[in-house]
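Chain naming follows the written order as A, B, C, D and E, and within any one chain the residues start at number 1.
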Amino acid sequence: MSDKGAAVGLEGVSKRFDTRKDGGLLALDKVDFALRPGEFVSIVGPSGCGKSTLLRIMAGLVAPSTGRCTRPDGIETAFVFQEAALLPWRNVERNAQLLMELEGHSPDSYRPRAAEALKLVGLAGFEKSYPHQLSGGMRMRLSLARALALRPGLLLLDEPLAAVDELTRDVLQEELSSLWRQAGFTGVLVTHNVHEAVYLSNRVVVMSPRPGRILDVIDVPFAFPRAPELRASADFAALTGQVTSVLRAQHHAQAVA
Amino acid sequence: MTRSSSPALALARNAAPVVAVALLAIGLWWLLSATVYQGKGYLLPSPQEVAAATAENAATLAGATLSTLKEALLGYALAIVVGIAGAAVLAQSRLLERSLYPYAVLLQTVPVVAIAPLIVLWFGYNELSVVIVSFIMSLFPIINNTMLGLRSTSRNLAELFALHRASGLVSFWKLRLPGALPHIFAGLRISAGLSVIGAIVGEFIIGSGNAEGGLGVQIVFAQGRMYTALLFAEVIAATLLGFLFFLAVSAIGRLLLRHWHESALGS
Amino acid sequence: ADAPKPVRILSNWFAQPDQAGYWQAQQDRLGKEAGIEISVLQGGPKIQTIPQVASGQAEFGIGNADDVLLARLRGAPVRAVFAHLDYVPYTLVYHADPAVKSIADLQGRTFAVNIGNAYWEWTKKQYRLAGTREIPVSGDLSLFRNDPKMVQQGYSLFLPARMAAAGVQVQQITLASLGYKPYNVLFTTDDMIRKNPALVKATVAAVQKGWAGYVRNPQGLKPLITGMNKQMTPEIYDAANKEMIETLISHDLGRIGCMSDARWSELAGQLRSVGFLPAGFDAKQGYDRTLVPGCNS
Amino acid sequence: MTRSSSPALALARNAAPVVAVALLAIGLWWLLSATVYQGKGYLLPSPQEVAAATAENAATLAGATLSTLKEALLGYALAIVVGIAGAAVLAQSRLLERSLYPYAVLLQTVPVVAIAPLIVLWFGYNELSVVIVSFIMSLFPIINNTMLGLRSTSRNLAELFALHRASGLVSFWKLRLPGALPHIFAGLRISAGLSVIGAIVGEFIIGSGNAEGGLGVQIVFAQGRMYTALLFAEVIAATLLGFLFFLAVSAIGRLLLRHWHESALGS
Amino acid sequence: MSDKGAAVGLEGVSKRFDTRKDGGLLALDKVDFALRPGEFVSIVGPSGCGKSTLLRIMAGLVAPSTGRCTRPDGIETAFVFQEAALLPWRNVERNAQLLMELEGHSPDSYRPRAAEALKLVGLAGFEKSYPHQLSGGMRMRLSLARALALRPGLLLLDEPLAAVDELTRDVLQEELSSLWRQAGFTGVLVTHNVHEAVYLSNRVVVMSPRPGRILDVIDVPFAFPRAPELRASADFAALTGQVTSVLRAQHHAQAVA
């Protein structure tokens, strides 16, 4: 774990959204968690449980209703939103350069880095296309490329691979993991794919249905780099099973309630 | 969805319906002037009479059009710069907007004719005052539409820029302004005609010293002499001037938006 | 008996003394016996009475003789039938200045005038004022007050009095004194004269009575006019009556409205001299002097 | 993001900055009238003089304002109906749009004063013509913005409606129109002031017949009397009228958009 | 298989998009396929291979550049787009009613059906929320509910479950399958999840990377209703393995090229 990665602390974080129902909607309920510098953590949990909201709070985009989020000053953060969030008036290449441009990098440095990132996610050849000319999966990959090209200290990923096929997904997982090992950023990945969560992470956070609480934090002991074959191992299956069973217990509890 | 083989062809295809309607309108006009308004050229001159008046006064007409063009263009340009910059400043904060935007509205609600003396007092009996009137008339649509555009930035993108600590200026240039362009161009299209009207109203008020003057002055002359055919020629010139601005601004808008905005992507 | 036939007279300005006879005819229902009911429509700053009457928006209109001739040139079939004022009381007003002896001394100043209007083009040419600066006149007088060197066009009936009331000392040169004297007229269309001469005659007779009645008792209309036109304060109204009755209206009350060929032809000559009318233009097509009772005796 | 405890409080908070600037402006005005324009009330009367003139002529002022209000409101309403309906028709097909939209532009570029006799000829020597002038002045911003709005429908949603064979009318009511609302309201905001200006210009052209007349007529009266303080009171009344329309239309827009559109969701 | 379901035929369908590159972009290349009435077919293939485009063509939203698509007249089609495509100015409930409204159903019939569909996808309680107040997964579920509520003859699903967690996904798969068995519509599902494809379908279509061609059509012999335990069976694993290997072969071929 490198010292480039940022440490983020969540202390008693709750988030209540104003809605017209009285009391509003409690999306997150007293979340405590400390992200260690350079680690890779995945968050899994049912749809609507507050994962995206939690990432937004970590990024400092949303203030918690109660509790607090501590982040080191001046840390470069990249966020791959659940929706691709591209600039429709920029072509693929210029979209991929955006974050570096915003962070004040020079064209000489950001041009090759953007090109490299595009190649990584399989968008070479589409540099001059506009977002509306891409498929859904291509748009998400562009969004991922844009974040990766920045080489941030903190990378927040909100289901970045949900819209791509399994094979591409496998390839991108490998790329992501190897980038992480090289660059040493702190990574937080929201995913619905428990295998992906376990394969990529130091720890997996399992959240409850709304209002989102942390049910369990599961350490993943496998050393890095991890070989693709790890996924077929019994140990791996045991761990994913553990995550799933925590998820499932709560799910049933809710279904009954 | 098929591409036209040449830009010239595309232009021709785009222009065809407009030209068709124009011919139809002129036909109708001629018909009217030859029937209901037969012998009433002082009310509705025939196309031929207007053409004759145009030919007879070609030099004056051209000079006047040019002079109005200059004033309107300056007023319009000023309105574009001030309008976009003003909206940009106002859109920086809700407080600024709440305190100042209503006054931009008021500015356009003031009947210019009534405050003309103050304009003349401050800017003098000269073309500058005409430009100012044109400016006042064309300002608000630009401010208003630009502000709407700047405020319609998608939430996700705004967050993305906030995350990367993009300064207000950077967000403005790289996010809010480009995102607002479709709205801004709608405002510019509205103001194109208004800037010409403004210049003409300005000339009604301020005149031209003792020079020949622009279309506003010539319209007053023609009205004074009940020379309706010439009046029509002048009104048509003024109208076409406004239309020219409109076309120019529309073309630029289409050029800037063609890659990405629904309104310009073609059906 | 049939209901009286409505006759509309379209005025060129808000109600004011120079249209008094018409208002009088309306107020006293002077056409009643002849079977007509006169109503006057107030004008305003952008009203163009000639096209409106030519297109039938009103049966009669109030206007200036020079405008009627110019309209004829453009084919509008309108014709003056009654000249209520001997001339349009145009005047040029300037801040009191003993050094100004004649119009020549105003050379080079800024004139607020009806730009492009015949009277101004004629004055410019006649008195060689080409070097002056001209600006369009509007209803606003504040810039004139503010600029001691400005010359302001207006009606001699009102403007000097108004300035005096505001404490501004002015002097004036009337257009009439310079030699430009178009009649102030009532006009109608050729069609009306041809198809309904009785109605035209009745109207003319009624308004002639109206004017006579007004001259006899100028105060009678004061409530009506000052009530409709907020511009027309009682003091201005009184001052205007005096000048009008002394200089602009025939002292022979039976001859109010009469016109002379000589005056029309002089006017046409003036308009020709500035190129507003072509050489062959016959002033006679602009008026019909046979309709006013008492003019040929 | 916190909710205000009561609507009254929210209103007060929203109004505070505007009122502050208004007080500042009035202060500045007073300062100017007491220094540079001291003794030149005929150019720039002091606020006190204007207040006094307002009080003195309250009845006339109120009557004139009401009469102009009526004309402008009718013109504005007509422009809203015709503008939105017209844009809806034009947006049905590119061909229609290409052939007719330019003429909507032309309509707004024509200097109304110049074609006044025709307007009076067609609509009569009465208030209807005033309404028509107000209508012509306020039409184009509404058409233009509505068209932009109707053309900005998201592609996905348009496909969804096409799939379910939604008729043009259904697509219009359930998709294109609601989606266009933010643009439409921007247009309505622009036209609010223009409709009042149009009514005043119309009154210049038509006069007042036998009635007392609206603000346009009263403005001319005040000018003739060199009663600048009253003139200012009338101009302020006209301005506030336009502003009132603006506020009303903005409030309705916010009400309709508050649940979903960025521009109205609050910052 | 019911007669309610529609038959859709694709004959030599190619699609070329205009781009500024000369020749444009060939998205689909001579696709032949016949959808039998009432069957459920899944389409898998790499990101950007033309799956969404193919669905659009089946829906009649896009015309093929060459070849043709035959569809019965007057068939009610519902399309769950890859992006949720909700009306931002309608609340959840009104969004769920939209398609029935468009198809001319009466309020009395569409209100309860929309409510039922919302319950099915787990959005009960959010009827009055607006789309911008939902999480990404909730938006997709709303989009799904909207389509299901219509009970169409042809249901086209473009990765409808990509944004939801695995457990919710399992539940929704069961619901979808049982609805399909009851209602007998023809279903086409684009998914990146091979298990999902096999579990739900009569046949699985495997497509090649761009330009999209049909590599293989794999019959799934298991009888309906299928028990969740089927997923753990060896036969099931064999079949998913077959699909994956067709996908993978092509992927590698491309990676080498």
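Everything below uses one rule, namely that contacts are C-beta pairs under 8 Å (C-beta built on N, C-alpha and C of every residue); 3 or more make two chains touch, one makes a residue touch a chain.
For clarity, every value in this text was computed on a predicted model and none was experimentally measured.
Peer 1: Starting at chain D, how many touch steps does it take at minimum to reach chain E?
Peer 2: When the steps are counted carefully, the minimum from chain D to chain E is 1.
Peer 1: Going by the contact definition above, tell me which chain pair has the most C-beta pairs touching.
Peer 2: Top-ranked chain pair by contact count is B-D.
Peer 1: Quick one: point me to the chain whose Cα centre is farthest from that of chain E.
Peer 2: Following the centroid criterion, the farthest chain would be C.
Peer 1: In angstrom, rounded to a whole number, how far apart do the mean CA points of chain A and chain C lie?
Peer 2: A distance of 85 Å separates the two centres.
Peer 1: Could you grab the centroid distance between chain B and chain D? Build each centroid from C-alpha atoms only and quote it in angstrom.
Peer 2: The computed centroid separation for chain B versus chain D comes out at 18 Å.
Peer 1: From the C-alpha centre of chain C to that of chain D, how far is it in Å?
Peer 2: 37
Peer 1: Could you tell me which residues belong to chain A and also touch two or more other chains?
Peer 2: 83, 132
Peer 1: At which residue positions does chain C touch at least two other chains?
Peer 2: Where chain C meets two or more other chains at a single residue, that happens at 48, 51, 55, 138, 140, 142, 146.
Peer 1: Quick one: which residues in chain D touch 2 or more of the other chains?
Peer 2: 43, 113, 117, 121, 154-155, 204, 216, 261, in rising order.
Peer 1: Which of the residues in chain D come into contact with chain E in the complex?
Peer 2: Answer in residue numbers: 154, 156-157, 159-166, 170, 174-175, 178-179, 181, 257, 259-261, 265.
Peer 1: Contact residues on chain E for chain D in the complex?
Peer 2: Those in contact with chain D are residues 56, 59-61, 77-79, 81, 83, 85, 87-89, 91, 98-99, 101-103, 130-132.
Peer 1: Flag every residue of chain C that touches chain B in the complex, lowest number first.
Peer 2: Residue positions touching the partner: 48, 50-51, 54-55, 67, 70-71, 73-76, 110, 114-118, 130, 132-136, 138, 140, 142-143, 146, 276.
Peer 1: If you look only at chain D, which of its residues touch chain B in the complex?
Peer 2: 14, 17-18, 20-21, 25, 43-44, 94-95, 98-100, 102-103, 105-106, 108-111, 113-115, 117-118, 121, 140-141, 144-145, 148, 151-155, 182-183, 186-187, 189-190, 192-194, 196-197, 200-201, 204, 216, 219, 231, 234-235, 238-243, 246, 261-263, 267
Peer 1: For a test of understanding, state which residues of chain A touch chain E in their complex under the given definition.
Peer 2: 17, 19-21, 25, 44-48, 50-52, 82-83, 122, 128-129, 133-138, 141, 158-159, 162-169, 192-194, 244, 247-248, 251
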